[in-house]
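Quick heads-up: structures coming right below.
In what comes next, chain A is part of two complexes: it sits with chain B in the first one and with chain C in the second one.
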Partner chain A sequence: MRILTLVRQVLDAEESVRIRDGEVDLNGSKLVVDTMDEYGVEQALRVRESGVEAEVIALAVGPERNQDALRTVLAMGADRAIHVMTELMLDPIFLSQVVAQVAQNENVELIFCGGQQADWDSHALGAATAERLQWPQITWTNGLEVHGQTLTGKHDAEDGSETFSVELPAVITTQQGLNEPRYPTVPNIMKAKKKELRVETLEQFHIGPKLKFLSAEVQAKTRLHKILDGKDAPAAAAELVRLLRHEARVIA
Partner chain B sequence: MILVVVEYANGKVSKSTYEMAGCARQLGREGPVTALVLGSGVAAIASEVALVFDQVLVADHADLAQYDAEVWAAAVAQIAREGEANTVLIGGSRSGREYSPRVAVKLDAPLLEDAISVVDANGTLTAERYTYLARVTEKVEADAPVVVVTIKQGAFTAAMPGNQVAEQFDVDLNLPQRRVQITGKATEKSSRIALTEADIVVSGGRGVGSAEGFATLVEGLADQLGAAVGATRAIVDAGWRPYQEQVGQTGKTVQPKAYIAIGISGAVQHLSGMSKSKCIVAINKDADAPIFKISDYGIVGDVNQIVPAMIAELQK
Partner chain C sequence: MSIPAAATIKRVTGGSFLIEDLRPEDIFTLEDLSDVQKEIARTTVEFAEKQVQPQIPAIEEKNFEVTKGLLRRAGELGLMAIDVPEEYGGLAMDKVTSALISDKIAVCGSFSVAFSAHVGIGTLPLVWYGSAAQKEKYLAKLATGEWIASYALSEASSGSDAMNIRTQATLSSDGKHYELNGEKMWISNAGMANLFTVFAKVDGEKFSAFLIEAGTPGLTVGPEEHKLGIRGSSTCPLLLADCQVPVENLLGEVGKGHHIAFNILNVGRYKLGAAAIGGAKYAFRNGIRYAKERIAFSKPITSFGLVQEKIADSGAGIFAMESLVYRIVGAIDASLAELDKSAPNATQEIQKRIEEFAVECSIIKVWCSETLDRLVDQMLQLHGGYGYVEEYSAERSYRDARINKIFEGTNEINRLIITGWMMKRAMQGRLALLPAIQRVMDEVMAGPSPREERSGELADQHALLASAKKLSLFCAGAASQKYGAALADQQEVMGALADMIMEVLVMESTILRTEKMQGRSPLAAKMTKYYAARSFRVLETAAERVIGSVAEGDMLRTQMTIYRRLAKHDAENTVALGRDIAVAMTEAGRYTL
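Let's look at the complex of A and B:
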């Protein structure tokens, strides 16, 4: 079985966001593999390690620096990587065309994709890819087992947790709790340098964008910052209740 | 037409449905603002939304008793095509954000995901949305004959039910076979109001000390205020609270009138789920906790003293 796992390189959550000329500027910031995608990579490796004969292929679509993210994932244990190089900003509906075509070209049966993107805060890529391939999808997956052609596990739904069963091929989007992603070891980092990382260009895919990105800005809401000293707890509590009742008018 | 897929839960129309109606009215695109009700035994839901929409399409079918992404996407895309919809509005709930990309692909439409504002300028839709864990506001544009939009809960003014009762029409659907079998459900039953529907949310973090501390402080204050209860990832991971209460990047996003954070330091991932709340209140012993930077009101002090004192004050 071939497993495709999506890898997106995003701003480290601890870094602050800088805007330049109406765009988020990532130059000089620490970039990491999106945590939600790491769950997917880890799960693909676990499927392979569980005795299922599988090849794990990592896919990244984006600028050249994405190859750092792919090398990280190869060092975690992915077998090979594909990098579709582009400087364009791609919305998930557009991007899903690339992912679906790669999945078809590579005869993939299982795709892992992050449940929510840490940069574009989107949930759409996994579902859009599944639709293009006419595959079922499971979103927010936090438990997964492979039995032959059947996947079972559990995922988070609107109002609680559900257990599921679905036949391959399928798209799985990840959620916290699915696993604890491993750290690449030094020998594996060395080995990863020799693994195949194939570079393709976006032009090979003959597709067009769906959305135009106009601007980005950091809009911090002005807050009142009325912070009281709590040494005298009853007095501070009484004053806070008074402020919430009569000034903010948010409680009765 | 502008097609709005009605969201409801436990036999009640969700707030997001009225917000979508409000969004559709404010957009003012061509054609009737049309509700689509999908489900089984949904006559009461359809009558309720008939007071807000221009027309109501109802697919009341045993096959629709349980939500499924592929079934929902097929149904919505079919109705959008048949009705020549220029806009399809879907709620920003977890399921809405799960099946809406499929609808977009089926209609070869762009997707404006989790929009906080949408404006039509000469047929082109421009939306604002939060990105980078809700720290950035981005503006994107979709220029196409039909656009799929999911709206962020709490971002749009809800439309009020009027005196006009819209006509209802039954629709026939060609539904695909379900391929995902749901073999079990574990739903946390809570007597409290749902997190995403509540005007006030009281949330607790590691600073409450223990599961018992959470019950006394966070649930105690929430009960006093008729509020929903939220939690940080750290204490959900610790097993103190169920996942359904988690607020943040991998949990729920809330935007209540008041968010009261008790013993929460304010990690970026948590802030992304609540930073747009109208009024933020923090109680924490660490004056340097990041949560205070985005707070309107707060107390630097011991939650074990402050919160019981607040509960006592409210009971006066």
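Let's look at the complex of A and C:
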């Protein structure tokens, strides 16, 4: 079985976002593999380690620096990697077209992708990929088992959980709790150097995104520095309530 | 394992930085890390931040089960096998990688010390001097963290004068055992170690080393010390009372234990510097994050100049530490690169080549420990009253940093080594220091000469560096002229000369690193300028101290004239530079380039 696991490189959650010339400036910032995608990689490795004959292929679509993320995933244990190089910012619906094509070219039967992309937060990529391939998907997965061609997945519901089963091929979107992703060990980092990292260009796919990115800005927080005179406490309290209700409009 | 970047690094001899000028491409910098090294660094950071950091309270309470568990985990990740040969379960990788791990793991002083004591002084004696049987028996266990190692040299009455140990070893009449008697003090990892490297004198005179397993009858680990800092690390005395050590556990040869004791120190010293970088970055980040949130006079305190000054000085200090440590460790790797590691004398050759950098290792040790000390003090100060209470990590960083000026050879001993080693090499004719001194003397005697003009953004810093080298040579010449071989007894002068030599190496490392970045980091250029100004002030103070103590009357006036001529330079606007550096660091919320 071939498993495709999607890898996106995002800004570390601890880093602050900087904007230069209308674009997010990642220069000098710490970039990491999207945590949600890490769950997918880990789960793919666990499927392989459970005794299923499987090859784990990592896929990244983006600029050259994405190869750092792919190397991390190869060092975690993925068998090989494909990098579709592009400088364009891609929306999930377009991205799903690339993912679906790669999945077909590689004869993949199972796709893992992060349930919630740290950079777009659209939750659409898994669904759109499944739709394009006409495959079923299990979403928000936080528990998964593979028996032959059957997958059994679980996800949390309001006050408990729900369990589903599908026959392969299928798309699985992940969420926190699915597993505890491993870190690459030093020996595996060294082995990863010898693994295949195939670079392709977006042009080879003969498709282009319809959504164009225009600009980004960071919301500037400015303080109003309004200080209420507290000598007359009841009057100050009344004034505060009035300001919160009518100016800030945070209470009804 | 070879790193492609190291191939271009120039092979240099120890101490040559004072008399030779290198080009940026001759030195190794952090920007030259290979993908593999970056990936290993990332794994180490993940481990340190996600597994070690949450356990800091338990570590600090001396819960050694937690520490041992984390060391075991580090072993599983391969982080403790870097310096161990492949045939004994190790990875036999380069020294930059091993320094990088020491750097990234140092988010907690106590854990960092336990880790370093294990992989450095704990494991390396066995790697370098162990017999095949000893390595077979112990090395794989140490590389995986299944066993913890400890190194026992110091005694209550012998610290810096390590050769004066009193612990005795006597061969039993049947020739099967050595019987050890004595007491060791301040032994790192003692409370959790499975294997001790213990130094003793056979028949009261032959300095030797022994491998002793925990639980050996006659070996008792004393109570934990109550320490100022690194409280979560284990530090105990060891008591040896008729302790029977099998003869096969003699490490190396009888009477040659001092090679083991001293050669290990060079590695310990550069690794200490690497760990200081990690500790400094951790304290720096916590300090900045606090200061960004702290409002006074309705503004975050990071907007005030005297706060910015501390951030700038600390940030530039980290930049300089990185430049210094990785340059030297990269140079060590370059010198080990084409070594045949399977040759029978390979381990001796490795030590010899590392020993070549003894003076640089001592400089790293002294300079990084003191820079870290200043940084943790400044970061604590940013916290105001909160810095003085245990609720914030600033006070722990402050306490933990202090030990670095004491262990791995006190900074006093290391300052004497720095100047003494250079002088010794000069006398032996192995370092062309005397001709260089002569050239400076000739130049100053010839009267004022036009300043060497360099182009480029760091032209002024190059001029400062050239002056720094000349001043150091001039002062070294003046001091040796006055005292000759007796200079070694003038410790204050030796210390001042060491300060000058250190600043030359650090300043040069920052300049070359920045130039190698080719304008990619405007911040690096600013920190280089900021640091060079500070560095030169240190140099001037030290130079005056040397000249004032070696000359008087007309001679003093002449030498001061020469000094002023050599030291002539324009003032840099360090206030403006400092503000720029602080704003960039504050925006990033951590050390950044």
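The working rule: the second predicted complex is superposed on the first by the 214 of 252 C-alpha atoms of A that agree within 3 Å, B and C clash if a C-alpha of one lies under 4 Å from a C-alpha of the other, contacts with A are read in each partner's own complex, and residues count from 1 in each chain.
As a working rule, a residue touches a chain if its C-beta (ideal position, glycine included) is under 8 Å from a C-beta of that chain, and two chains touch if they have at least 3 such contacts.
The model shown is predicted, which means the values in this text are computed figures rather than measured ones.
*Asks:* Now for A:Lys193: first (chain B), second (chain C), both, or neither, which partner does it touch?
*Replies:* second
*Asks:* Which of the two partners, first being chain B and second being chain C, lies in contact with A:Tyr183: first, second, both, or neither?
*Replies:* second
*Asks:* State whether A:Arg18 touches chain B only (first), chain C only (second), both chains, or neither.
*Replies:* second
*Asks:* Would you check which partner chain A:Gly28 touches, where first means chain B only, second means chain C only, and both and neither mean what they say?
*Replies:* Second partner only.
*Asks:* Does chain B (first) or chain C (second) touch A:Leu211, or do both, or does neither?
*Replies:* First partner only, chain B.
*Asks:* Contacts for A:Gly160 in the overlay, against chain B (first) and chain C (second): which applies, first, second, both or neither?
*Replies:* After superposition on chain A, A:Gly160 lies in contact with chain B alone.
*Asks:* Looking at A:Thr72 after the superposition, I want to know if it touches chain B, chain C, both of them or none. Which is it: first, second, both, neither?
*Replies:* second
*Asks:* Looking only at contacts as defined up top, I'd like to know whether chain B or chain C touches more of chain A.
*Replies:* B
*Asks:* Would you mind listing the overlap between the chain B footprint and the chain C footprint on chain A?
*Replies:* Residues 14, 225 of chain A touch both chain B and chain C.
*Asks:* What residues of chain A sit close enough to touch chain C in their complex?
*Replies:* My answer: residues 14-16, 18, 28, 68, 71-72, 75, 183-187, 189-190, 192-193, 225.
*Asks:* Where on chain A does chain B make contact in their complex?
*Replies:* Where chain A meets chain B, its residues are 11, 13-14, 17, 19, 24, 36, 91-93, 96, 115-116, 118-125, 127-128, 130-132, 136-140, 152, 156-167, 175-177, 210-219, 221, 223-231, 233-234, 236-238, 240-241, 243-244, 248, 250-251.
*Asks:* Okay, in this complex, where on chain C does chain A touch?
*Replies:* Of all residues in chain C, those touching chain A are 1, 35-36, 38-40, 42-43, 46-47, 76-79, 81-82, 91, 93, 298, 521, 587-589, 592-593.
*Asks:* Can you check the complex and tell me which residues of chain B touch chain A?
*Replies:* On the chain B side, the touching residues are 9, 67, 69-70, 73, 93-95, 97-102, 104-106, 109-114, 126, 129-144, 179-188, 199-200, 225, 233, 237, 243-244, 249-250, 257-258, 268-269, 272, 275-276, 278-283, 287, 292-302, 305-307, 309-310, 312-314.
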